[in-house]
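Written out below as structure tokens is the structure these notes cover.
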Amino acid sequence: MNAVPKTFSQDGDYKIADISLADWGRKEIDIAEHEMPGLMSIRRKYAAEAPLKGVRVTGSLHMTIQTAVLIETLKDIGGDVRWASCNIFSTQDHAAAAIAASGTPVFAWKGETLEEYWDCTLSALSFPDGKGGFLGPQLVVDDGGDVTLLIHKGYELEQGDESWVNAPAGSHEEKVIKDLLKRVAKERPGFWTTVVEGWKGVSEETTTGVHRLYQLAQDGKLLVPAINVNDSVTKSKFDNLYGCRESLADGLKRAMDVMLAGKVAVVCGYGDVGKGCAHSLRAYGARVVVTEIDPICALQAAMEGFEVKTVEDTLGTGDIYVTTTGNKDIIRLEHMRAMKDQAIVCNIGHFDNEIQVDALYASGAVKTNIKPQVDKFTFDGGNSIFLLAEGRLVNLGCATGHPSFVMSNSFANQTLAQIDLWANKDFYDNKVYLLPKKLDEEVARLHLEKIGVKLTRLSKDQAEYLGVPVDGPFKPEHYRY
Amino acid sequence: MNAVPKTFSQDGDYKIADISLADWGRKEIDIAEHEMPGLMSIRRKYAAEAPLKGVRVTGSLHMTIQTAVLIETLKDIGGDVRWASCNIFSTQDHAAAAIAASGTPVFAWKGETLEEYWDCTLSALSFPDGKGGFLGPQLVVDDGGDVTLLIHKGYELEQGDESWVNAPAGSHEEKVIKDLLKRVAKERPGFWTTVVEGWKGVSEETTTGVHRLYQLAQDGKLLVPAINVNDSVTKSKFDNLYGCRESLADGLKRAMDVMLAGKVAVVCGYGDVGKGCAHSLRAYGARVVVTEIDPICALQAAMEGFEVKTVEDTLGTGDIYVTTTGNKDIIRLEHMRAMKDQAIVCNIGHFDNEIQVDALYASGAVKTNIKPQVDKFTFDGGNSIFLLAEGRLVNLGCATGHPSFVMSNSFANQTLAQIDLWANKDFYDNKVYLLPKKLDEEVARLHLEKIGVKLTRLSKDQAEYLGVPVDGPFKPEHYRY
Amino acid sequence: MNAVPKTFSQDGDYKIADISLADWGRKEIDIAEHEMPGLMSIRRKYAAEAPLKGVRVTGSLHMTIQTAVLIETLKDIGGDVRWASCNIFSTQDHAAAAIAASGTPVFAWKGETLEEYWDCTLSALSFPDGKGGFLGPQLVVDDGGDVTLLIHKGYELEQGDESWVNAPAGSHEEKVIKDLLKRVAKERPGFWTTVVEGWKGVSEETTTGVHRLYQLAQDGKLLVPAINVNDSVTKSKFDNLYGCRESLADGLKRAMDVMLAGKVAVVCGYGDVGKGCAHSLRAYGARVVVTEIDPICALQAAMEGFEVKTVEDTLGTGDIYVTTTGNKDIIRLEHMRAMKDQAIVCNIGHFDNEIQVDALYASGAVKTNIKPQVDKFTFDGGNSIFLLAEGRLVNLGCATGHPSFVMSNSFANQTLAQIDLWANKDFYDNKVYLLPKKLDEEVARLHLEKIGVKLTRLSKDQAEYLGVPVDGPFKPEHYRY
Amino acid sequence: MNAVPKTFSQDGDYKIADISLADWGRKEIDIAEHEMPGLMSIRRKYAAEAPLKGVRVTGSLHMTIQTAVLIETLKDIGGDVRWASCNIFSTQDHAAAAIAASGTPVFAWKGETLEEYWDCTLSALSFPDGKGGFLGPQLVVDDGGDVTLLIHKGYELEQGDESWVNAPAGSHEEKVIKDLLKRVAKERPGFWTTVVEGWKGVSEETTTGVHRLYQLAQDGKLLVPAINVNDSVTKSKFDNLYGCRESLADGLKRAMDVMLAGKVAVVCGYGDVGKGCAHSLRAYGARVVVTEIDPICALQAAMEGFEVKTVEDTLGTGDIYVTTTGNKDIIRLEHMRAMKDQAIVCNIGHFDNEIQVDALYASGAVKTNIKPQVDKFTFDGGNSIFLLAEGRLVNLGCATGHPSFVMSNSFANQTLAQIDLWANKDFYDNKVYLLPKKLDEEVARLHLEKIGVKLTRLSKDQAEYLGVPVDGPFKPEHYRY
């Protein structure tokens, strides 16, 4: 059982649960390095050159063992790094301890309140200027876009537009952010303007965060160049798909020890994440029902033998619900009221608004905590449901997230994106960029040897026949893999 | 057993194996219509409007039952259609008979010689002008690009560039084409120029043919606007993937009645076609080895649990070889010599040059015909291999190709592409276009009801949150499905 | 297309469709021998010894290419063999031709009438005595028990019990049998008594036939020792399961070319055959619903993720129905009337009474023959269904049955059973025996090398720890595999 | 992290880690009851009748949440129950706490030493006689046979046969047992004779324990009637197969967070446990290699597409090793030395001697503890392996064992066996019995409703045709499911 920490280790420039876990964290980091060949290869390749030498980098990304390997890679190639988690439940406390112990400022523990979470985010982007004040990051590694949001909103306020900050908050979290911005406005006037002046770019790795970036860019409001890491093939078709195929069941098992065989599992959304989830659950012998809005994805689900229905049609038969959509209000209060007794409800999408958690709390249902991240809600009628990780990412809240090997792909992309952003800081516009296919193929290539894959090589003659270079890239841009 | 026809039915403006098979063909067309809801829905929608009214359309596409439904759709929306198959083995003779019997000129039978094949192609694009001469097509439905090739090469010759026609042929087929062009040059001077004057567009549905089109466009030589139907999601992620998942094993079984369980099957290439083949063979209990040149696809194969090696590494253990690459010289003569005794070798890519068939014929190996499309080659050493369909598409040569439902997706795209090309004939440049995502989603939508899929609908609120229209399109252009 | 033969080749002691197919048959027998390592190994081992030297053997078993290898094995070890098929549609005419051409009396063709079928069975058990009369078989190889039934019923009649023969027939087939027995009673008085005097044993390989044998034994009516080949592990867990996993889809594809992905397939029964069928259909992307009477098998289906319902609950949604039960009246006329338009109905159990075919014929539904073994029945309401192989084994009626490799296991058991029966003819009682586990393991062992399996060997120490011999048998009798 | 307890809660007649965990344990027991419909149904059915009223029952079975439901079922039907775990790592401390808190004597905690373990076993079978002495159990619920072993060995000693006790011990555990017996001989002379006088039967649920029982019975040494629960279909084909399919990956993930996709996993043994493991790992995208001694199981593995080799052949390529055999010395020291760096080695068979753990400890390899139940051993050469749960059951040592639903099947069989043993205590011989098929089917039936299965019912006519009762049992004894 992982309990919410009551006391913190914060002797240095960090705030974490327990520094005594550092040794254990270090042992697991050692194991993870072995499982992250692509990221380690990039670390080795660029260590001497140090392309991020002295660059201030803020990361907002689940503070796990794998992320520790990313952090130490960014440092080894020169970065001056500060870090926070991007989810209140996703920190592995021993990972944070190992990072803190090695001297990197980190602000993260498992089971933060929302107020603590946003304070941590602020700490992560506040680089002491040596004169008692703060500088901001020059580069941001983002996952979900919270750092990007905070900077944009803070800057907007300092530019004189108070409309958003003063508008009534639509959720508790929104209120927390607004309160924070008001406090910063008092305590550090002009801070966000300073931050924006120094900020050169952001790389973002989640569908949801990327979506926000495209909207900012479309509205002409994006303040820096951005690299969409999510849509590298070696990210979206690996982390989202294969990562979730491994970590969803892991979260369900650690939380509920439930038998999946014979159960009716409802997977909301059949994008890459939904595909990974649906196939994993079926492999366990669950009968999977998919819900979809997109006819193409729905037809894909049907071609794979999944029944495609609406959430409403599953109420009373569904045993397990998983949201994977990136959209909000997928599982609504009225759904939860009508579910089979002891149905399990969880989310593996980036934000917790896929399930109407606020409405559930306000519904009068009696909440019984079973263990951390597992709550039972009993409705008037007597039937109850289990909500995992309070609606936040179940694989990170109830287990340890994706395994190292797949994260090596994602973080290799992140690292290459950071290097690229800095190298091109004077050439890029405030737009959203993708990494070139050549790099995407390189990331894949760096992972093959570890798992014993032997590639075939094109002959010159064959390459000419295909009209591609002998060493790639091999596919047209629109190729879907 | 389907035998090479010695006599033909050719009383009308057609050349087929046996007109007496028309009734049987019609019965199967009736069944297929039931399984092709998308295509039939488009037929019904546009029949009154007749957007192709009087337009001369030449099709070069496997003359199967499913294609018959496409042909009759093109006719019902106004087209003046002539048809040939795009492969010497892919015609279903009863399908051709039914089409001929209904008055559509069709030139196709199972087991054509290469000379006959190209004559058929010429017949399909020769519309009688009523004055003893010929007009060409205004639109072309192409699969593999043979009609497009012939027109381009014929036109090039009439423009005075004789270099290609007079160069030594690299293969027997190339010689056949050159001989044909020389004959046409004599018999119908100026024919290709007339054809090109009237030609307004081509829609192409195979990876290989699309590849040719992009090369022509890149070289500035493309004579008409082209629509790349292959890369509609509802084509490449359905026909290529799910179609092959069903039809590869069908071809292998009809040809060899072989047990797949326990065999080592080598799938060359892990694109959409390779993915479908590899998963099908594994589901039968075969142990599948994949070969790849592209590190991303190789990593995908490994993540699905397939061993990835080179062809060379499998010699002696591989029982079944399938090429799916779109590339040439994948299975070479030296490979075949070194294979396990009685290995089965086949291809499901568009062209037969994936296997070195010519070299095999010239190798001195003793050929024993087992039944049509199944030949045994015995080498000096005494070991032998089976070659299916002479290296041509095994699913069409040894079975009946993809099933109706998946072809309904592909042909719905083809039909929409033809309508679009004609509607925009005055606006499009001589480039390669993709159909808009909206149409792609529409094609999928038209297939959902038949298989009982119930879509979820976005609320207005959700659509705003996502920043997409309530009715789609739902995904960004770079989305990979 | 395989057509019902109008003329027969019957120059010698055989009756088959077309002797000119013998060469083709021989080529395929050669291929099959390569795929039947266990059976060929037994052939080689016992050829010199000839344990069945001069023994009269009647076989009633699907006259396929694989059976041809069995027949020639029985001959090579000394047997004097006569053969008939055990199903009107299951003969491969080129296999029968090759067997006839090699001098073995065979009476079988694809598409027999029931009258012809039972005449063939009689011919197969009538060994000319050289004096114008007939002797019966000394051993019988049975599949479904038709030869055993005929002898028992004939003998019962000659013993003076006319009750069965004179009772009204419950089906057309029953009437055919009774008519035959009456005719034989006239033409060959005392024939069955002679047969029974010489008869020493029967080996039976199907669940249904074995069931009949146990009932006869239980009633004290079994006339000879019998070996239950079906329940050798290397038969029931291989032929029934893996055989059907390969041949069901083959039958469906050759008959209907239907897309299986996205369809709702209803598999009636989840025994070994049903398990093979259900897993095969799911692998194609069909959504499989199982029906069961046995709670254990039903729970197994549920644990594998299949929905378990009644046939009634699937009407209107099921696209494909497959019966696998060994029971009768599974798909009833009222079911067929209520099915989704163009549903496909077929059976893969031994007898055709799993589907109420007689009732369907008598129902007034309009029958349209699409091609051999594919009939469409249209009901008053306008909806129609497809019935495959007239309700007989779809894998044998519409395709070529199980592939060679798996049949090598079954037929190795059959051959060992025949040898055993003859060797122990003076020791066995008129009971049903199983082959010893040692032989079962031997059959498996003979198939491993061909597919590259490398066994681990127990050390003496390990064998002692387990309390089993180093070379097996390794498992207790009740072990289920 | 679960740490070895330094202090115990032992205020009452129990010895457990921490009584304060009782509330949490109770909440999880409540959840489990919902997931164990068969066991709860039997509890309700027999509660009034109380067939075990006052009967002393000793259980030696993993002290998990699921076992808590079994214990409370045995109590509700009248039993006087004492309990110990049957593995040093398999106790869930909150489950033990809840049981202790409810007044049942329980002696178990996670991380016992072997000395503690056998002391606990002794405590579980020592029922205070109210006069300062002890009575033994009347019935035993055994898993692995440790209680049965202890009683037999103790009795043998009291019968005057000191040969075993005085022989040199072959392992540390053997020494612990011998020391215990010597101590008991001093402290409680005649104890075992008293125990045996009152003992009426044992039900045993594991392959290994059953194997021991058959050997005792064969040698004429079995002291009581025994019921083999393991070979109820609803045990061996469910718990062993589907249980391991869920819990192996769970153990691997909680221990190592390792990516399974792309890894080479070697599963030693392809019995029911091995089948569950192999299919689970493949579903994650691992490439699974199977090792086997039994040609039938090896052929099954090959038919499912697994490569079958020896352990030796996988050294250098295998990433994960799992033993499932019930045999000893499967993974030997020389194997571990030659494994790929950072290979993971674990066991899911009942005893830890499948891996040569003792030899590993004595090898000089440097042991680094990563976290409880995860140790890294580094060899001279520099390469290292991870050993999970010290070679004991990885699913119980590193995760929480099988999920509730499947254990409901096993424990329903255990409960029915206990009732049966007591009811027939005057009729049974000292042999090993199986539960009748009728009860096996009943156990399955009790689990169907919970997961929405709807059985089909035989008509009277169909039942007669099959020759089985309308309500079953439906299959012959030799049927394998």
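In order of appearance the chains are A, B, C and D, and numbering begins at 1 in each one.
As a working rule, contacts are C-beta pairs under 8 Å (C-beta built on N, C-alpha and C of every residue); 3 or more make two chains touch, one makes a residue touch a chain.
Remember, predicted model here, so these are calculated numbers, not experimental data.
Peer 1: Do the two copies chain A and chain D share over half of their interface residue numbers, or under half; same or different?
Peer 2: same
Peer 1: Could you let me know which interface, B-C or A-C, is made of more C-beta pairs in contact?
Peer 2: B-C
Peer 1: So how far apart, in whole Å, are chain B and chain C when each is placed at the average of its C-alpha atoms?
Peer 2: One centre to the other, that is 40 Å.
Peer 1: Can you compute the centre-to-centre distance for chain A and chain C, using the mean CA position of each chain? Integer Å is fine.
Peer 2: Inter-chain centre distance comes to 57 Å.
Peer 1: Going by the contact rule already set, what residues in chain C reach two or more other chains?
Peer 2: Those would be 242, 261-262, 284-285, 299, 302-303, 307, 451-452.
Peer 1: In the complex, go through chain D and note every residue touching chain A.
Peer 2: Residues 24, 27-28, 31, 34-35, 65, 242, 245-246, 249-250, 253-254, 256-264, 280, 283-285, 317, 341-342, 368, 370-371, 399-400, 402-406, 451-452.
Peer 1: Can you tell me which positions in chain B touch chain D when the two form their complex?
Peer 2: Touch residues, chain B against chain D: 261-262, 282, 284-288, 299, 302-307.
Peer 1: Across the complex, what residues on chain A touch chain B?
Peer 2: Interface residues on the chain A side: 211, 214-215, 231, 233-234, 236-238, 242, 272, 291-303, 307-311, 313, 326-329, 409, 434, 440-442, 444-445, 447-448, 451-459, 461-462, 465-467, 472, 474-476, 478, 480-481.
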